[in-house]
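Presented sequentially are two complexes of chain A, the first with chain B as partner and the second with chain C.
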Partner chain A sequence: MASGPSKLYADDVSLLVVLLDTNPFFWSTFSLQFSEFLSHVLAFLNSILLLNQLNQIVVIATGCSSCSYIYDSSSDSNPGSEFGNMPRLYSNLLQKLEEFVARDEQLLKAGKQGAIASSLLSGSLSMALCYIQRVFRSGPLHPQPRILCIQGSPDGPEQYVAIMNAIFSAQRSTVPIDSCYIGSNNSAFLQQASYITGGIYYRPPQLDGLFQYLSTVFATDLYSRAFLRLPKSVGVDFRASCFCHKQTIDMGYVCSVCLSIFCEPHKKCSTCGSVFGQAQLDVASEASRKRMASDTKWCSGSNDKIGTGIVEVCVKSACRSVVGCFTGFLGM
Partner chain B sequence: MNTYAERPTNGEVEEDDDEDEVTGNGRAWERTYAEDRSWESLQEDESGLLRPIDDKAIYHSQYRRRLRALASTAAVSRIQKGLIRYLYVVVDLSKAASETDFRPSRRAVVGKQVEAFIREFFDQNPLSHIGLATIKDGIAYSLTELGGSPESHIKALMGKLECSGDASLQNALELVHGYLNQIPSYGHREVLLLYSALSTCDPGDIMETIQKCKKDKIRCSVIGLAAEMFICKHLCQETGGTYTIALDEAHFKELILEHAPPPPSIAEYATANLIKMGFPQRAAEGSIAICTCHEEAKVGGGYTCPRCKVRVCELPTECRICGLTLISSPHLARSYHHLFPVVPFDEVPPSVQNDPIRRSPSTCFGCQQSLLNPGNKPGLSVTCPKCKQYFCIDCDIYIHESLHNCPGCESFRHSKAE
Partner chain C sequence: MSTGQVIKRAKYKTSVKDPGTPGVLKMTENKFLFRPNDPSSNKKLEVEFRFIQSHKNTKEGSNKPPWLNLIHSQGHSYIFEFESFPDLHVCREFVGIALGKSGDVAKAVPTAISAEQLSTAEMELRIKLLREDSKLQKLHKELVIAGKLTESEFWATRKKLLDKDESRKLKQRVGFKNSMIFDTKPTSDGRTNQVTFNLTPEIKYQIFALKPAVHQAFLNFVPSKMTEKDFWTKYFRAEYLHRTKNAVAAAAEAAEDEELAVFLKDDEILESEARKKVRWVDPTLDMEADQGDDYTHLPDHGIFRDGGKEISEAQYQLYKRTFLQDLNRQGAVVLEGRTLDVDLEHPRTVAEALARTRQESDGDIEQERLNRISQMTLIEDLQAQDNHCFAPLCIKDPREYFDSQQANAVKTLDDSQVGMEQIKCSLPSDEAYGSLRVSISNLKAMGSRDPLVSPEIALTILNGLTKNISSTKYHLGKNSQESVLDILPSTTKEQLLDHWTSSQELLRHYWSSYPITTPNLHTKVNRLKDAISQIYSKLEEIKVSARSDLRHQVSLIVHPMQQALDAALLHYDADMRRRTARGQKSNGYV
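Here is the complex of A and B:
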């Protein structure tokens, strides 16, 4: 996937796909005005285009009932011309955005679902990835793509599977997903997205200086990132939550058919309806322990012969207690 | 491919090959052209010029056929897939694997593709395990036991790619059967044989072994590198596996990668069960502990088993001390797309595209690429039966093979609720 070095497309030419959250339910209750927010973002987009004349920007609006492309700098035929006294980028983008918000509102009314807090991030992520694949297909010389989610509305749990699919697809094609989350609580989806794909997750503490944060943290191309001290991920909690009580758990039971997670053993899976065989849980772990024992790397000596296996199990149990002591001692 | 009849006489094989170099296949430098058959990928256009074949359309139609076949099998049986697989890959390293009908030799091609397969397999089945075995001198050897780390398997295989002697199907099956019989009942037991030889040299009755595998629900699949053999076909039919023969390296790669996604409709092979798993937390930065996988003291990083509190370096794994399966939630999420596949898209007939009343959009919904061929003729496009959006064929492939989301369905809330 990596393009060879060339004069035209050096490693700092980027394609930035920006996913803009336009959820009206979020913006109507948020301290920052949408218009103010937009002026920060537009200035940021302009500065990206100024950084390198080959840089490319695509903006996708993430609404509450639809998503749509609203700007593509590569199809802007004449970026120099002005409309009234507004640069072309602004007028084109704002016009498309206005149309999109109106259409989104109509769809929402037709849907009759009342207030929807979450935006359709899964849709806009999928679209962005399709666009990036097209860039990859365009030949060996292409700009380095990355995705920036500017998101404010909370996560929609029903999109979990779709968002995870998109994240893994991005990971496979080494597309980092940066996220600038402006809402009040951290977004678990975006934290995972950035962590898995190697992007940056950042929640600006002060929204007055949003442009500053955007330009210092998210404007850097992938090559320059190696030299900068960008915000580190604080560690993402990858523990699962059970399907039955939505509690975060350390240990749980997983259905072997559909991989639903439960915090306590059940007779029947509530998700896929398969009836579980007799509780072989301990038998299973016993069997795997036997297997473990036979390939033990822990104790010295090879295990080519079955005869030595028994001895090793004994030694291993000794090791076990030693390791237990160690780890306890070292404060784990 | 022409010296199979004389194979059994050992000493002459070398000589035969040498003769072929001069008489049959021409000079060595000519052979690269003869092998590639580069003239076959050319076609004449209307003005008599030679052009590379436009294989995009052919490729796409092949892909769609495969997709439809998958969808129809999924529709017949309940969509249940063996997500927790225990797969033994058996590589035939008998004398036949040193044949050079694949370039540079069969074993080199097999080694390379098995490496790619192992990586792809763990990418698609993070909860599964692979073991490696080889057949050599009529004996089956176990290279690695069932385990979840791709690197250790690849390392073990790369060092052991010498071939000699005969192949023995029975010995391989007996060996693998011994290992797979121990695994818990919820796991799907599978064997993938990469068979180069055209014979099998067995110590006993192979039919009994096949019946034994059938009884213990071990699904055996074979990819042949030479020609079809009755015993392999029988084995696959009996145990519910697939038997395919590779024509060349590209075909072999395709065939082996077909075994990476979990096979459908073998759900009845394993009993549904609840499996106890641990979701370890990442250890705090700066804490020091000895990891159980490398036996080294490490600062920071790593995960702590919730049951016995030892440190492991990587997930997913099985705790070496208490045997608890340790995973993180993204590993589970990586498997979910097998359970909720994207429906195959319908091809748009050209008549609809030309229809001025129901005019279809001119750009692909996913990537905004124009759906029109040069000269404004409508090109190939597909449409999602659920959200009725139009996609180009490249997006169609990407959506079904990698993304596993329909961008159209995901970006309209009302269509989702239906």
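Here is the complex of A and C:
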């Protein structure tokens, strides 16, 4: 195989960006020890590098006040060599991870007290996508990138918009997001991320064999996936978070101008500032003027001003039909 | 008018010249009857529509009375003269529908159509669309024929379909002829000295378009100074002189006959037009300097047809036209295309219409030229910055948005959420981070366990995964594209799909008719509500009648549909309650 600058990237060479959940509040309450978890993940990373000598891995830690690159195999000249009692990959990564955790703690302390943070998944997703974009631009030949989120802490609904944006940009650049969710309930964000980008979502039921799951389900490169039968998610939670209270809702109100989602009717859209007036101002009856905003309909315009309305719709990201959603039916 | 018949006062004429018999015309779905006012008259008619081949009518605005001409398949025609054009339109539409129906029995022709004033063309378009798309036809039959939606409501949501077809129908316009009229060949009989030019209205139009001078002359001379025939004779005489390359003779003739001179001299109008075009050339380009590059006048250059070898004298230069000029002019006119759309039969009207289109405002030419020069010679570095007035597109102050988001975020996290497990933050951050650090250093010190995963666990995991994957294969079909629908019997599947499309359509109409502001909307909502409850009960039937092994799957599919319908019905009830409550209050006040 060619070496040096003119690397021969076959279609089964992967660039795997792993997003590691390092939320201390999650790990301190979770049944699986963080050290256990790390040893499984490290073994998995090592095996990825062993699968193909051109494979590349990047690890991004997802903390609760910051995210950071903690490992990049392309800058590690000899990851296989022993250092102390473990491979160099392990020691380098752990070293960086320790530094990251210390920094993250400081940042959290510097920030507002009481502001309980969930893991900054949106941040680490964005960093991963940035890294992948750089690889894309490096030249016509590059490894096939994919993202693997190993997440345990529950979704932070306040990150809904940012995460959805990251998901859609991943979809645009055809980067699949695989998700291995180890928390107790399914993660709607990661389910949607994998569904939209064509990745795999899997929640391993037995955590003491995490490595087995990782290597069986998530180690396969994109090319080989065409020939394998990998677990399929049976259902995807398509619910969205409302923009006003960050609640996860499945029926809500959508601004007809900017499509912002709200859990209750508003007089004015907080995103685009559109005023939800009554388009039919010429209707004289007092009663109709008092009508709730929820009654207004899509208006293409009235006599004197652009009609804006707010409608009650199904807010699942794949559907958006006016009340009534047949997701999963008729291939929608 | 909603009933299936139309009765109008009309005169029946057997031919255009016939003065007509006054009487009453009655049209029903299948036939039309004419009863003359004079009962003794023998002009009684009773004809079934299926014998009528086509119909014509006079246009409003033309100077003809409102006539409707029904052409019998055996050739003769029935002409009815109505009292007014609105009467004519009503009957014409009725006939259009009736003919459409009798022509094709399978066609789903709307019955409640007569309330809407639709042109025949539009009707035909709709019928065509329905015939092309059997699904649409099915839906149409189910919703419109059953009276759940009116015809216009049904088509209102399909404007796109109608528009698309409209654009396809746009006829191709006839362009300007590409052949050179300068090539109009005279025919000579060979015996006498006569040549004959054949002139058609089309050629006349072409000449007017190509040669503004001739056009101008025609307007000036005909018919005040000479007849049209004389005019064209003169014109072709001049052409003939050109053709024979006889510049000297042309000059001589021109000296004698000043009208002829008009045709022979270079077209002044063309020249001014050319000047105008030159002005549009980049003003920084020196056209005069480039004139030296023109070598077509040199010996051994140019085009043979122009007779380049002929030594020309300056005084005759005026009477010479080159082939290139002709070709350029032809090209310019062809590109312009046919600008007028009048009957070419009368040269005078053609000439006048053309003159109207030629009128264009010249404006301040010099000023424009200066402007253009300054535009062309712009040097970017030396320009002041373009300070366009614009309002920045600002959706909202972003800071305000994100600040509010942050506050929300904190609040939500405090709230306990349904279905969302929240991190118990009983642990202070020190402790949490501490334990994390301990874990890392533990791993660093101890290294990973050996073996990482015990063989028993690995085996159970592999078995579990295999079972999981193969079970999803059984339940969801071989691939994700295959849906549960495929395992249902085809009749049930068809039924479900039909109900799905019609319920979608109904719901779309239902929700778009809120808020109810007019009595019309009110009746529509009521009608839709009834239709929705019908579908609801039909879905229920399907669920009950499904085979027991499939019942679960069917109910899974039906459930979201019923949910959507439920939402509509609930909204209807709530709205009705609100309305009645309001109604009582207002009664109390009055």
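What we mean here is this: the second predicted complex is superposed on the first by the 234 of 332 C-alpha atoms of A that agree within 3 Å, B and C clash if a C-alpha of one lies under 4 Å from a C-alpha of the other, contacts with A are read in each partner's own complex, and residues count from 1 in each chain.
Everything below uses one rule, namely that contacts are C-beta pairs under 8 Å (C-beta built on N, C-alpha and C of every residue); 3 or more make two chains touch, one makes a residue touch a chain.
Source: prediction; values computed, not measured.
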Considering only touches as defined above, state whether A:164 meets chain B (first), chain C (second), both or neither. first
A:262 in the overlay: touching chain B, chain C, both, or neither? Say first, second, both or neither. first
Is A:276 touching anything from chain B or chain C once the two structures are fitted on A? First, second, both or neither. first
Based on the superposed arrangement, let me know which partner A:224 touches: chain B (first), chain C (second), both, or neither? neither
Chain A residues touched by both chain B and chain C? 108, 116, 158, 258, 272, 280, 283, 287-288, 291, 295-298, 323-324, 326-327, 330-331
For chain C, which residues are in contact with chain A within the complex? 395-396, 401, 404-406, 408-413, 417, 419-425, 427, 429-433, 435-437, 439-444, 446-449, 452-453, 457-458, 460-462, 464-465, 468-469, 472-473, 475-476, 480-481, 483, 485, 497, 500, 504, 507-508, 511-515, 517, 557, 560-561, 563-565, 567-568, 571, 575, 582, 586
Any idea which chain B residues touch chain A in the complex? 80, 83-84, 123, 127, 145-147, 182-187, 267, 270-283, 285, 287-290, 292, 295, 304, 306-311, 318, 320-325, 328-330, 332-337, 339-340, 364-369, 394-395, 398-399, 402-407, 410-414, 416-417
Interfacial residue positions of chain A with respect to chain C in the complex: 22-29, 33-36, 38-40, 42-43, 85-86, 90-91, 94, 97-98, 101-102, 104-105, 108-109, 114-116, 118, 153-158, 183-185, 204-206, 208-213, 216-217, 229-232, 234, 244-248, 258, 270-273, 280, 283, 287-288, 291, 295-298, 311, 322-327, 329-331
Chain B partner contacts - residues on chain A that touch it in the complex: 64-69, 72, 75, 107-108, 110-111, 113, 116, 120, 122-124, 126-127, 129-131, 133-134, 137, 158-162, 164-169, 172-173, 192, 196, 235-240, 249-259, 261-262, 265-266, 269, 272, 274-277, 279-281, 283-292, 294-298, 320, 323-324, 326-328, 330-332
